[in-house]
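Shared between the two complexes below is subunit A, which has subunit B as its partner in the first and subunit C in the second.
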Partner chain A sequence: MKILRVSDFTKFPGPRHKKFGDFSGEEFRDTVLIPALDEGEEVKVCLDDVMGYGSSFLEEAFAGLIRKNIPIDKVRMIANNLESKDDPCLVSEIRGYIEDEIKRAKN
Partner chain B sequence: MITKILLVIIGALVAAGLRDYHQKQKTKVDTIHALMDKAEQLLNEIVSDLHGVDELVLRETPLVRNLKNRDEFYRLLERRRLLIVAKETYLRKIFTEIHRQDKKIYPIPTDKLNNLKKSIGDFFDSPQSVNSLAAVVANKNDLMISFHRQPFIWFNFWL
Partner chain C sequence: MKKIYTPRSVQLNRWYRRLSSKRLRQAIVNGGKIRIGRKKLKFSKKVKFIPVIAPYNLSLGKKNHYECVAFINKIQSSIRIAANSNNEVCICFRNTKYISAPAGIYLLSSVEEYVRRYPSVSYQVRFPPSIPDKHTRYKAPVVHAALSRIGFYSLLSVRDVKLKSFPHVDTWHVASSTIVKGNLVGEALEKLQNLGINQKALYRSGIEAMNNAIEHAYSPDIPNLNNFVTKKWWLFAGVLDNKLIFLISDKGHGIPNTIPYTQSTDLIKEIKDKLKNALLGETLVGDAEAIHIATLIKETRTALGHRGKGGPDLRKFVESQKDASLQIYSNTGTYLYSLTKKGKKPVPIGYNNKSSINGTIIGWEVPLPDEMLVKG
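Entry: the complex of A and B
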């Protein structure tokens, strides 16, 4: 299993889109998450050791995978392999964003 | 005579036990109230910071059309956003600590905290939107309802 640490990407997760600033959710999704998924291995994301997440970063990085046409089972695999010891609520928050986006995509 | 002495001793022991219990409970309640004060202050600071961002957006938005100023504007916005994210993270920790102090009375208001966080994110996604700041204030007020302070020290015999 490949373990991705957001703290290796940045200590200060940024805004939603690249155009709004550095270390955005969009950048994390496109440069870290999607390449890791393309390798075909199971992926685990560790959310600890950063200074806090904005909802936009989380929504774009994880729910944004659906908008990028990543298969739902792969996105759910990530949702089930999230780890956050610093703030366990983050996991349910991200799962909520993903499920909302799946519903939106189906409608 | 011996019965009276025994009664006095037992009475004194019970009184000491009650005083000790009361003191511990009072310390706990005072700690919780202090944490609530801090949370309230943070919530007000977040809204006041967002008001500042709102004013900045109103002032600077015409300049954003100018490409030269756009990057600087977004950098400024991002700096403000990071500060508010730090405050929101701290707020979450305060609620976790309140819950740790008294698990029965104070559950962590996770949904309300998530709603607040989401509305702050929505605000920064489109600060020009008329409703975005109002949504943050509404969620802040909703969260403040979670602060039911305890006017009395209750006896919880099952603790």
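Entry: the complex of A and C
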């Protein structure tokens, strides 16, 4: 299993989109998450050791995978392999964003 | 009108008097040597200045809001007038004995907008007086130190007088940018890490406020008569009056103007109806109501359903930190949010002021325990 640490990407997660600032959710999704998923291995994301997250970053990084046409089973695999010891609520929050986006995509 | 004739001898005498005084002044500069070139003998016309007098209490509180906004508006109109004439703007703080953090950041952001718009204007500042310190009882130029620290003097290119350091002012962190910079929020919070606050929750609230400022506050989709010169956010973090204060400000459209463009009318109506049914204290109206709605929005219009979920993030810090409160000033509205001490019941308070701040200031405040008292 491949372990991705957000802290290796940045200590200060930023905005939703690249055009609004550095270390955005979009950048994390496109440069870290999607290439890791493309390798075909199972992926685990560790959310600890950063300053904190805005909901825009989390929504774009994880629920944005659905909008980027990543298969739902792969996105759910990530949702099931999230780890956050610093703030366990983050895991359920991200899962909520993903499920909302899946519902929206189906409609 | 008849021109008064001055005899040639009188004219010459006057000219020599002016010349000798100028030579003397120059001689002092040159270390006693009288040496002066022809060009320096020209006597320039005196530049007039437009005075703008700051109020006693620079604050955005209910009582002082109108006076504070009127002062900023006067600075802006004076800059406009000075740009079209050979005049300077003179901002006088001689009467100012108190400045609040939101008013300081509002002053800085509003004046910066006009300084960038009219770069040819020169400024003079009459510095604020020293006032007795709460803790030491000695007189200290606290307002002057505050204006210096937030960068107000350097913005106006006014020479600052060096002061002794004030511990509580020196911890202040001021930053601004045109893009979202998480590292600046992080650096500000790292400076305040010994104060026992929930840094992650405050980072979340702060970064989301910054994101909103860049993503929505200056949106070109919203009609606006003034062209934005500085599409920026300003950040303030520090301890003032033994409270931790963290502010994010912008000079954009304001929340009441952006909400109808970022959210569906059905959703706004649905929230308004829910608020009427729930007994949440007084009913808010106008801009204050719009701000309150913005903090509650979790869902947005179908096409962009994933966006605009940052509202509850603004309240996140208040809900996770004991005694913390949220203040939002946007256009004419003021909105305050805190939790009751016993239960975790939210207490939103809001009202509308007479005048608009033309932008938004979002701030969080936490009273610090006595053992963390920072003496000035």
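In this section, the second predicted complex is superposed on the first by the 107 of 107 C-alpha atoms of A that agree within 3 Å, B and C clash if a C-alpha of one lies under 4 Å from a C-alpha of the other, contacts with A are read in each partner's own complex, and residues count from 1 in each chain.
Heads up, the rule we're going with is that a residue touches a chain if its C-beta (ideal position, glycine included) is under 8 Å from a C-beta of that chain, and two chains touch if they have at least 3 such contacts.
Fair warning: this is a prediction, and the values are worked out from it, not measured in the lab.
Trainee: With the two structures overlaid on subunit A, would subunit B and subunit C clash, or do they fit side by side?
Mentor: In the superposition, subunit B runs into subunit C.
Trainee: Given the touch rule stated above, what does A:R67 touch, subunit B (first), subunit C (second), both, or neither?
Mentor: second
Trainee: Looking at subunit A, does subunit B or subunit C touch a larger number of its residues?
Mentor: C
Trainee: State whether A:D100 touches subunit B only (first), subunit C only (second), both chains, or neither.
Mentor: second
Trainee: Which holds for A:S92: it touches subunit B only (first), subunit C only (second), both, or neither?
Mentor: So A:S92 only meets subunit B here.
Trainee: In the superposed arrangement, does A:P15 touch subunit B (first), subunit C (second), both or neither?
Mentor: Once the two structures are laid over each other on A, A:P15 reaches both partners.
Trainee: So the two structures are superposed on chain A. Out of 200-208, 236-244 or 272-280, which stretch of subunit C collides with subunit B?
Mentor: 200-208
Trainee: Let me check the overlay on chain A: which residues of subunit A are in contact with subunit B and also with subunit C?
Mentor: Dual-contact residues (subunit A): 12, 14-16, 20-22, 51-56, 59, 87.
Trainee: How about subunit B: which of its residues touch subunit A in the complex?
Mentor: The touching residues are 74-75, 77-78, 81-82, 85-86, 88-89, 92, 108, 110, 113-114, 117-118, 120-122, 124-125.
Trainee: Going by the contact rule at the top, pick out the subunit A residues touching subunit B in the complex.
Mentor: That would be residues 12, 14-16, 19-22, 51-56, 59, 87, 89, 92-93, 96 of subunit A.
Trainee: Where on subunit A is subunit C touching in the complex?
Mentor: Residues 10-17, 20-24, 51-57, 59-60, 63-64, 67, 86-87, 97, 100-101, 104, 107.
Trainee: In the complex formed with subunit A, which residues of subunit C make contact?
Mentor: Listed in rising order, the residues are 179-183, 185-186, 189, 199-204, 207-208, 210-211, 214-215, 302, 305-307, 309-310, 312-313.
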